[in-house]
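A, B, C and D are the chain letters, set down in written order, and residue numbers restart from 1 in every chain.
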Amino acid sequence: MEMIREKDPYPDLRVNIGKLRLQNPVMTASGTFGYAREFANLMNLHRLGGVIVKGISLEPRKGNPPPRIVETACGMLNAIGLENVGVHRFISEKMKYLKGLGIPVIVNVLGDSIEEYELITDTLCGVEGVAAIEVNISCPNVKKGGVAFGTDPQMAEAVTKAVVRRSDVPVIVKLSPNVSNIAVIAEAVEAGGADAVSLINTLIGMAIDLPTRKPALANVIGGLSGPAIKPVALRMVYQVAQKVSIPVIGIGGIDTAEDALEFIVAGATAIQVGTANFINPRASEEIVDGIRDFVVEEKLRSIRDLIGTLRVD
Amino acid sequence: MSQYQENATIIRFEQLTADNIRLTLESENIAACAKPGQFVMIRTATGKDPILRRPFSIHQASTNGRIQILFKITGRGTGLLAHSKVGERLSVFGPLGHGFEIREDRPACLVGGGMGIAPMLFLAKKISILKKDSANDHIIFGGRTRQEVEPLVNDFEQIGMRLVTATDDGSYGKKGFVTEVIQTLSLARETVVYACGPDAMMKQLHIYCQVKKMECQVSVESVMACGMGACLGCNIPAKDGHYVHVCYEGPVFNAEELAWK
Amino acid sequence: MEMIREKDPYPDLRVNIGKLRLQNPVMTASGTFGYAREFANLMNLHRLGGVIVKGISLEPRKGNPPPRIVETACGMLNAIGLENVGVHRFISEKMKYLKGLGIPVIVNVLGDSIEEYELITDTLCGVEGVAAIEVNISCPNVKKGGVAFGTDPQMAEAVTKAVVRRSDVPVIVKLSPNVSNIAVIAEAVEAGGADAVSLINTLIGMAIDLPTRKPALANVIGGLSGPAIKPVALRMVYQVAQKVSIPVIGIGGIDTAEDALEFIVAGATAIQVGTANFINPRASEEIVDGIRDFVVEEKLRSIRDLIGTLRVD
Amino acid sequence: MSQYQENATIIRFEQLTADNIRLTLESENIAACAKPGQFVMIRTATGKDPILRRPFSIHQASTNGRIQILFKITGRGTGLLAHSKVGERLSVFGPLGHGFEIREDRPACLVGGGMGIAPMLFLAKKISILKKDSANDHIIFGGRTRQEVEPLVNDFEQIGMRLVTATDDGSYGKKGFVTEVIQTLSLARETVVYACGPDAMMKQLHIYCQVKKMECQVSVESVMACGMGACLGCNIPAKDGHYVHVCYEGPVFNAEELAWK
């Protein structure tokens, strides 16, 4: 914890996501950082603004058969199928360690029905160490559930309402990019009472193995992530930030501090690092360093002064 | 279990055959804690394409801070590594995964098919060090042709185990598959088989060991993104109908645990 | 022309797009091949299955101010703003040369209103050398027009009907990927009488120049193209091919013959080469060669035997 | 107007300063038809990142099938080129664009600022060959510091034009901007100014030439994807409120044609 005391008071990197206070805007994206412990001996976890854990469902899920991932140009497709230990084992097996980290732990949740979202929220209520809930209404990998919620404003608002009503911590709703107008979904979610929106989840994609003429993924389709999707993510963050007044959390192809800062300029209050964790396990910490250096060099009073400062003439 | 990301300098480049290459890397931290059967993830491009690291078994790890990888050119990433030069640096991440469980008290039979031979040199050396005498231990090394096998024979002969080589076309050593060769060796009942190679080979060895009631440890492959348990992308079917993850539950498994189709 | 006689009779690479017959499935994508003449001394244009010219509007358009393009990870953003000479000058200045090529020339058209689409179609009627019309209802670069048509099934069907009713050549409708469900749009366009659909146009994206905190493109947003979008394009081609019975033309990140063949396996009858023309001006011809070699090696009776042969179990 | 895509072998690599490099390439077809002021597009990566070619003025083109480019490291693409080695091959596309219109019958004043000097060597040589006598022609070469200017002085001195050098800090040649230097030269009325450099410099030269009623040809830059008229991505504002496309209507324009802000 020394390091934090040393570095954080100056410069001021703090941001707020509703009632949730972060020491800096850098979080790790769900499904790309395990349950954090995997990274303990590779970086200083205490340096992070927050950790978002792998998506949790009410019951344990076995996930999709292999192959689950395939590399694409400057990106990758995944169809993990939301493999997870289920909310009960998550609480009993994973929370103790996470709680000990002393940084906000955000639990990413998903369900096949509003009822399931409600039940999982109830289960997380009062669990010590849970700083916020991120509602995944957008994961493209599971054929039922996920997708529908994220692509229909009414359903998106309904899920949000249901979770917000039951949750005793801030609720972040994670949006799907596979829609005609993401701002409309964001507005619906805001109307539903969300404390913040995070975007983007993966773009739905596909790859084919020509020699066998088979899909490269057992699930046929999967979620595209990595630098390839950054331009789409940046555009959506910008468009959503214009329309909603709740904080926007930017996600998509963030590899470096420059990438992160671009999202903040576009209107993001915080960001999440995903696929980059696979290529460089220290990516998230290095991004914190880079943002700190930028704030110092640019003589900003706070990183908050950079949010939404895109100069459009 | 400590892991490191190192910018390892290439200090030796060996072109063993047209498409088999061995690299020696200065990688102190990884070399210091690596165990046989573990692997490393290596970045192959300076840009973002190809973006993912590539997994390679640790072929050797020396006490003087060096590791070796032995690889075959199969695509873009290995193609790029094949163009790397001595003096250049590679981002190496490891050591990763669970290696072989060495049974010092039992006879060992190491079986490597094709590139599956890569982890066997490190394993053989470790076993021969742990045991006073490896005279009753075997190494079976099979390949498609002479070119694939011959360049590595010297390294294995030095270890002091009984080396048996085989090629599909008989151009070097015995003619036939390692799975046929093993039958001819009349191994002691309590022998432990340590194997790495094509799935078909390992499946045959598994069946053989089941009949002979021998323990069989296999090192398997899968596609990988992170190599350290973060992405859950490296699953393969386990016996009980569930999945195991190659990168952190493996890559070495007891053959009994896995579902063999 | 020798080359054609030599190479084309065997193997059989011919495909049909409605009444339109192509000697092979390889065309060049609108806006990435100029008016073909630019490539005359770099490749053998006679080898192409067809050429699709830069999008044409009723009146000449000056296009967007610079910068119009910016590189992204494995792709690029463009906001050309549909600069073009207008349909009248196109016919008088460009058609003579194009006609002389002896390969199908497909005119990509766009408009701000159904009326404009109708007028431009009328103007192209009876123009010698025009083999087909590709209706761009999806170009994301012009703030009005484009986008709306491509994202609403009713409007997409309406434009299609209007153009089909007036056109004396086959009509291809080019779809936008920036939608929640592209299959629904494809079905609407099929219902409107389109002879074929082509997809995808560019994904809407954005890039920011951090030092100046300005958008990298004068138009702020632009269209993402190149290898980065291939997984999304392949998925959409696969999904659309499941739903419509008219031919599907695959576009998006096609660099090599392997890429092209994957789109055909996914259900495309033909393909278009876009951004790849900028990196390798001979890309389209090399793709024809690669497809020919593949058909020979795989001993296919015809490339048509490969269409939609994805093995999903 | 013929253009070629060649896999050009790097036959010489000159590190002129920490971030200025000159490459000599074996590129027969391009060298044979290149004209001063034209440029080439070069692939900088083997993979797909960075994906676009990078444009570079033709610094020299020799009758023995060689071309040179002179470039400054400004980002990833030029950074990759800076790591290329003699013997490696680069995909070079060109010659592209419209070069300078040489007026054999008129005095010439070539002005290069910073990297803008790149096309001037080729131009100077061509002019000196076309004319019997270049003694009244000038070359003004300005840079930020001595390091930027000095390494190229030799090449220009050999041509036989009057070479005037200048640096912003006075560390080499005259102190000041080339736009100040040109005022001191009392050039003949009918002199043609051929310029390449920062926009600010070329704008000043344009104003100077308007006053002096001299013709001013400038080589300008823009971002580019194709370099040959296919993408329409390289537009810049022209005087008449329309746009011109740098890659095929330029990169050399009569300064009068352009809109100078």
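Here is the rule we go by: contacts are C-beta pairs under 8 Å (C-beta built on N, C-alpha and C of every residue); 3 or more make two chains touch, one makes a residue touch a chain.
Nothing here was measured: the structure is a model prediction, and the numbers come from that model.
Participant: Mind listing the chains that sit against chain B and also against chain C?
Facilitator: Chains touching both chain B and chain C: A, D.
Participant: With contacts counted as defined, which of the two, A-D or C-D, has more C-beta pairs across the interface?
Facilitator: C-D
Participant: Centroid of chain A to centroid of chain D, CA atoms only: how many Å?
Facilitator: 48
Participant: Need the CA-centroid distance for the pair chain A / chain C, whole Å please.
Facilitator: 35
Participant: Quick check on chain C: which residues sit in contact with 2+ other chains?
Facilitator: In chain C, the residues touching two or more other chains are 73-75, 226-227.
Participant: By residue number and range, which residues of chain D touch two or more other chains?
Facilitator: Those would be 48-50.
Participant: How would one label the connectivity among the chains shown: line, ring, star, complete, or other?
Facilitator: It is complete, because no pair of chains fails to touch.
Participant: For chain A, which residues are in contact with chain C within the complex?
Facilitator: For this pair, the touching residues of chain A are 72-75, 77, 151, 178-181, 203-208, 210, 212-215, 220-221, 224, 226-232, 234-235, 238, 253, 258, 261-262, 265-266, 309-312.
Participant: Would you tell me which residues of chain C are touching chain D in their complex?
Facilitator: Those residues of chain C that touch chain D are 31-34, 38-39, 41-42, 54, 62-63, 65-71, 73-76, 78, 80, 83, 226-227, 255, 275, 277-282.
Participant: Across the complex, what residues on chain D touch chain A?
Facilitator: Chain D residues touching chain A: 48-49.
Participant: Which of the residues in chain C come into contact with chain B in the complex?
Facilitator: 73-74, 227
Participant: So in the complex, the part of chain B that touches chain D is made up of which residues?
Facilitator: 45-50, 76, 80
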